[in-house]
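Structure first, then comments.
Labels run A, B, C, D and E following the written order; every chain starts at residue 1.
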Amino acid sequence: MLLILLLVIPLVTGLASFAFRKTPAVKTWALIGALATLVVAALSFCGIKESIPEANYNWLPSLGANFSLQGSVMALLMTLLTAIVFPLVFIAQWNKDIEQPSRFYGLMLLAQSGLMGVFLANDLLLFYFFWELALIPVYFLAGQWGGKDRIKTSFKFFVYTFLGSLLMLAGLIYLYIQTPNGSFDYNTILATGASLPIASQGTLFILFFIAFGIKMPIFPLHSWQASAYEQTLTPVTIVLSALMVKMGLFGVMKWLYPVFPHVDEQFYNIIMILALIGILYGSLLAIVQTDIKRLVAYSSLAHVGLMIMGIFAQTENATNGVITQMFNHGITITGLWLVVDMIERRYQTRDLASLGGLAGAAPKMTIALVVITFSSIALPLTNGFVGEFLLFLGIFESTNPNHITFMVLAGLGIILGAIYMLNMVQKVAYGEQKSLVIADMSLNEKISIYIILIVIVVLGVYPNLLLQVL
Amino acid sequence: MNIHDIIFWILSLWAIVCAIFVVVSRNPVNSVLFLIATFFAISGHYILMNAQFLAIVNIIVYAGAIMVLFLFVIMLMNLNTDTEPQKSRLVHFAALISAGSLLLVILSAFRYANLTQVPITDAGDIGLIKVLGKTLFEHYVLPFELSSVLFLAAMVGAMVIGRKEVVEEKTK
Amino acid sequence: MPIQSYLFLSFSLFAIGVMGVLMRRNAIVIFMCIELMLNAVNLLLVAFSKLHGDAGAQVFVFFIMVVAAAEVAVGLAIIVMMFRKVNSVDINILNRLKN
Amino acid sequence: MTQLVYLIPLFPLIGFLLNGLFWKSMPKKLAGIIGSVAILASFCVALGIFFEVKSGGVPDKGIVHIFNFISVGKFSVPFAFLVDQLSAMFLLIITGIGFLIHLYSTAYMHDDAGYTKYFAYLNLFVFFMLLLVLGANYVVMFIGWEGVGLASYLLIGFWYKNKEYTNASKKAFIMNRIGDLGFLVGLMLTIYNFGTASYHEFFGQLSGGIGTMTDTGYMIGTGMTNAIAICFFIGAMGKSAQIPLYTWLPDAMAGPTPVSALIHAATMVTAGIYMIARSNALFNLAPMAQNMIAIIGLATVLLAASIAIKQNDIKKVLAYSTVSQLGYMFLALGVGAYVGSLFHVMTHAFFKALLFLGSGSVIHAMSGEQDMRKMGGLGKHMPITKFTFLIGCLAIAGLPGFSGFFSKDEILAAAYAKNPMYYYFALLGALMTAYYMFRAYFYTFSGSFRGTEAQKHHLHESPAAMTIPLIILAVLSVIGGYVGLPEVIGEHLNVGHLLNEYLSPVVQNFDVHHLSHSTEWTLMAVATALIVIMIIIAKAVTKKEQFKEATGLAKVLENKWYIDEVYDFLIVKPMAWIAKILNNVIELKGIDAGVNGVGQLVQWGSTRLKNLQSGQVGSYLFAMVIGIIIIFAIGIFGLFYA
Amino acid sequence: MKPLIATAVFAILMMFAALTVKEKKSLTNFAAILMLGLIGLNIWELADYNHLLANAQAAPDLFAKMLRVDNYALWFNVLMTACSFLYILLTGRSIEKVGVHVGEYYSLHFFILCGVFLLSTYNNLLILFLGIEILSIPQYILAGSDKRNLKSSEAALKYFLMGAFSTGILLMGIVLLYGAMGTFDIHGFNFYATGTLSVMGIVGVMFMLVALGFKVSAAPMHFWTPDVYDGSPTPFTAFMATIVKVSVFFAFMRLFMEGFANIDPYWKVLLLGVITGLTLLIGNITAVYQQSVKRMLAYSSIAQAGFMMFVVIGSNAMAMKGMIVYAVAYTIATLGIFGVLLKLKDYTYDGFNGLAKKHPFLALVATICLMSLAGIPLTAGFFAKWFVIAAALEQAYTFWLVVFALVMAAVSLFYYFKVIMAMYFKQGDPELVSEITTLDKVVMTVIICAIIVFGIAPDMLLSWI
């Protein structure tokens, strides 16, 4: 029941949001909806230790597709992340005017509903449904609000991801055809996938992977990312980078890797290498970016690269690391975007060269920036550490013949990460104050940022809070 | 080679030559006339195959009614001169090549078909009116009715298309 | 007569019809060439009718003629309509609709 | 008492939180008091623990479990502390010297706007440093390890408005990260091969020696031990500023001077030595790594000392001196003289903290001036500083009777025993040390004042909060050495090597040959004589007080062998270049353009294909017929040949 | 049988009404009422047939096996009639503006529906031929019915010439098949039993393929489509592009499923694959270039035909479902977008600029319809694509073709979303030609609701088969 609520609350509140005319009302309504979702998500997450919640309803009997949801640990963790991020974004957004707020909040909540569905669906067709459902509102969000190139970039993003989804659709239907009596049920899919000839598994694997790979994104399918992040409004950027990226990783963990267990090991190897290239490439590119949003975008490419490597390392530690890191990265990147947004709004520019002196003008914001930055470069006692640690360990323990090389080269990412992140901090926070009227965080911004900081530190100091449920 | 064959070849030659003239003659009226000639040759073939009824219908309906309609329209439009602007030589050549290749491609399929040993059976009376009439009204009654629907549609259409629009005239 | 003689003849007429369609610019002549194609079909149909000893094929020829007549009615009406507007039956004059 | 060990890091943490969270409303005085008292409290607890450890009354092998840090699947790392002789000793050094430096800072930083912030950072540093030495496994050590890097970053960049300073802090953090990667890889190798990160379990498995099986079923071989040891050593290189990762440390002098004293002289930089000494069981099984450590240590000694000779910034001299002294410690580790190394850590902590604080006192008096060329004759104005600084110099130069003498002698002797060549080079380094330290001393305190009038007017002795730590440290610099009397002296006084005895349950020298008494006496005498000569030379050189444009080798030395430039040329520039290429060529012109190119291809194809739709029905028919022909051809081909 | 007769009768009734009723609006209302009656008759027929089946009687042998009636075809007829009803409600106002012969236009629509019913139930190539002609000839006329507009005449001429040409090809195909099989009954075809004549049958199949491909505007026989759709009066374009087209597809699929069931699958996929691939490529790629939304929709209909070709390739049980779902999804979505288009003055993309702000309802309808055409989940278009792809994949050798098709579906976003972008993200002041009436709103609401409902539960469409 809780699972259904997780889907329905954002859906209903989202649809209802469209009807509002007055800005404050819709803001409040959307926040109430998001908070209600958070409560439900938290409740269902708390219950995880007792049993895995499931829900099953008939949907399309003729196709063998059911409306079935399953709240596995990973799924509930991701829904929790989704449920946390949205209210935070809404709170941080509270005192900012936005055109056509009812549409904005409505679409945001619809996107949330779609994301919840992606994480909870236990039926392949349903999964695909939500996969797209999450995309559409985000496309509209990205196209309607943002920078001046937003129409182009959002469309590029949309076509890119949609192409991936369509390729997945081809694989999905092929897989469905192979099921003994036409079913999308997770277990049936698992059994069918495993029973296919190796070559077919390989082809399907590639098709699915392209879809997930674009969403993550993995090098060289990432080219939508930087421009999309750059042009979108920050709340949308957050949805894109903190949550939609996780859709790809989640998809691989639930729907790709277990479904085609017998594909050529070479695929894993290639993906690991691509992810590795992504780490180094993203990091190096982040170093030379002059636009702060692009910098964070490329850093995201690097971070996700490590998670991808973790998935394909095929070890228990790596898998746990990925799940942990998915959550933690979501929190951290949300914080980072929120701070970046505050900086952008105050300086009216994203050009790193024109920023500076934040530490003198807005010390609280600077503290937030520094803490989040260090979380992002995985300093121990921040939430970023434990996930990366488990990932490195998992990659190291992998049976892949190149496991040590992989781990060491991926480790270069933490060095490069320090370089670009500290560069950013230096350019933003340090130096002489560039502008005199830089206000520190307002109350609503404080609330959301402090919550993030608390999560960062608590999960950094006591990561077992999260790990014990895995 | 019996007389049957000889007539076949003469009729065939006749039909093909006239058909070519339909295509190449510059004056549309000539084309019409050659087409009628072709139809006659084809009717000849029908008779050769003992399908007298069709042969007659072909001459009456096709060569008679339909072609006259054509002729009528041509005359009406005063097109009975060879004023038609010619397509370039290249287009002619291309048309020839295309049609030739089409023929070639189809015939190449039959190269492997091994059809040579199939003669036309000498079944006598299927082309007679009596047989045809029975077939038509027993088995083909639905198409028969439908053809009337088709005619109705064509009639309505020809009227819609042909009639001058009153409104249009008024506005002008 | 072996059936392929009729096949060859019919295909030849058909191909000549196609050639005419491609070669000419006069809409009426093109239409006539199409009629030629139909006749080639009729001829073959009758030949097959003999081959299979089936009167249905000849009835079919009858229907083809009927349809051809209907088409001629509509077709000529359209051509006349066009002639009224542009004073020509040259198909190349009409090229307003294009990309 | 051992169970209360969590209090030791807790106090600084509380201090950090109080100062950090209430930085805005905190009264200045209170901030200093909170910061200092927190450390003092830790020191008291540490003292209690020290005595308990010394008396051997530590329960549970000294492991204090705090909570489960990571526990997932089969992998588990507790957040646990290990109380033993080694950690107790470091606790005392850290909290003891830490307290003195906090005390000193209350005066030194008094006029700074970021006073509260400063103490918060300093407490944070102490907290992480304590975690580093207290951890019962490598993961906790790693937490502290990175944490001190963070604190160091924050403190070096304390004056954030200066770009140079923030660059230095960044450089420090990044170079440390390079080392950290080595540490991390070593840690991974350990966990992979031994299935644990805990010291006890790890060393327990190692105790079987080469050829035995680990718990996870791998055979312990020299390849494995060398690999792990070298990785750990790379970590130590970064933290303890060894070649090639030492360049951050001189730059780190950008931070406030007490910070340099605490972090970049006394405590954090010795973390590498602590780590290797802690892992002695591993390094004993890794001869190749040991040789590497010795050679790199020695090379660092010489390189840093040679650079220090021509430095004019008083803090830079001390910084290179620190690098050089750290080199000695690694040399000692490399030759297996773990106790000697730790001994030197301790004495170095005393006298180098003293020297830094002394220099801080000077700088304080000079209103921030650090260039020795602008100083001179300061001894008249600030006698306490002068006197304590002199003691520090004597100690670091290694004159008999001072602490540096004993510790350095132990290292030199061990080096000689291992390989006389080590000894010669190490001695050369010691001579240079004596030269540059006294050069600095004479430049600063004797002769006539070379600064501006304003500065001269301002010259004064520092307040008590600054001089008291100086005096305490001066005393320690003198007496600190007596805990490790060399055998040749100790046997006459019937006193053993106290430190050796104390540490023996945890750390024992490995494979260190004993020299004959005569050899040892000879070595000491030669060294002492040469050092005295060097001091005289230094006096003579500094008399002239001329600062010419340096040429030749001197210029190279002044420019630090151009190492920074070489790094810049070999690493920083190429990386930036590659990144630029990647950004401008691969990303924008390659991948991005490729993706956009697909879109453009569609558009292009669209403009091509639209020409098919010419508007002429004749061409449509043509195209259609040709299409039909092709389809037929394919169909027939497919029928017969496929 | 009842609806078939009714179409002819209603057509004649409309003709008489045209003579007596001068009020154009009444003619539209009358046509709508007749269409409603036709829906009723269709449902009656369906119920009757089920009654027969329930009483365990064999399917009636209609007209010497000229027709073959089953649930599936009847349900299809019901749906198509319902769509035609929506079509009349949506476009009636615009039809009235095309010309003076409003009654005749409706009459021709009923004739076309007669052809539709024939094509859905034919069992004999002669009926197929007649059905196609009954379907086509009124279309030639409707294309040219706007006589004030030279483009309309041009469209009619082009359509007619090419259509007549394709008739010749169709007949050649029928004849060759007859020559090979000795029968016109599609159930009598057996490609293995014909021995030496089998090649002739195969060539006949190719001719049929080309001719039917022409009618459904599959490349390279698609050339008429953009010009005719563009030139014809917009409401009639909507009819041609939707109901007519899917009906021919229905016939096409039945021909391959029942008539050509036992031809070599590899050969079938090869040949159909080439056509499908080409159709998808040309339809999608060329549509990107277009400036006019109407013309873009013409190319889009080519592209959609490429997808519908999959039901022909598949020719299996899944294809039958796919046919229905695709037919409905495609038809209502296209009708919806044409409905919006008819309201606008400017058919270019710029004409849509800023529509979301000025007429959010129209923009919403257009968006949902376009999304459905693009095949985005939660719209009927998704399941349409889903079923046809599933149908194709059940057939061997089609995998890469499907992948190609889906890549092309991504290309389709370029032109579908261009409209959405214009409506939502761009500024502009679109003008309407007429007010949005309550009827329009109701019909459009029905359309978008249908799209979404079928997008969630396509089973509703399949319950009758």
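Quick notes on this structure:
One rule holds for everything that comes next: a contact is a pair of C-beta atoms (placed from the backbone, for glycine too) under 8 Å apart; a residue touches a chain by one contact, two chains touch by 3 or more.
In this text the structure is predicted, and so the values were computed from the model without any measurement.
Looking at subunit C and subunit E, the chains in contact with each of them are B, D. Looking at contact counts per chain pair, the maximum sits at B-C. Nearest to the overall CA centre, using the mean of each chain's CA atoms, is chain A. When chain centres are set by their Cα atoms, the one at the greatest distance from subunit D is B. Measuring from the averaged C-alpha position of subunit A to that of subunit E gives a distance of 42 Å. Subunit D and subunit E have CA centres that are 77 Å apart.
Put simply, the C-alpha centre of subunit A and that of subunit C have 64 angstrom between them. Annotation: 37 Å between the Cα-based centres of subunit A and subunit D. Touching two or more other chains at once are residues 3, 14, 17-18, 21-22, 25, 31, 51, 54, 56, 63, 67, 70-71, 74, 78-79, 81, 91-92, 94-99 of subunit C.
Of all residues in subunit A, those touching 2 or more other chains are 159, listed in ascending order.
Residue positions of subunit B touching 2 or more other chains, listed in rising order: 87, 91, 94-95, 98-99, 102, 106, 109-110, 112, 115, 117-118, 139-140, 143, 147, 150, 153-154, 157-158, 161. Pairwise chain contacts present here: A-D, A-E, B-C, B-D, B-E, C-D, C-E, D-E [touch as defined]. Across the complex, subunit C is touched by residues 610-611, 613-618, 621-622, 625 of subunit D. The residues of subunit C lying in touch with subunit B in their complex are 1-9, 11-20, 22-26, 28-29, 31-33, 35-36, 39, 42-43, 46-47, 49-51, 53-56, 58-59, 61-63, 65-74, 76-81, 83, 89-90, 92. Remark: subunit D residues 67-75, 139, 142-143, 146-147, 150, 153, 157, 160-161, 163, 166-167, 170, 173-174, 177-178, 180-181, 184-185, 188-189, 191-192, 575-576, 578-580, 582-583, 586-587, 591-592, 594-596, 599 touch subunit A in the complex. Subunit C contributes residues 18, 21-22, 25, 91-92, 94-99 to its touches with subunit D in the complex. On subunit E, the positions that touch subunit D within their shared complex are 157-158, 161-162, 165, 169, 199, 202-203, 206, 209-210, 214, 219-221, 223-224, 226-227, 264, 266-267, 270-271, 274-275, 278, 282, 285-289, 411, 414.
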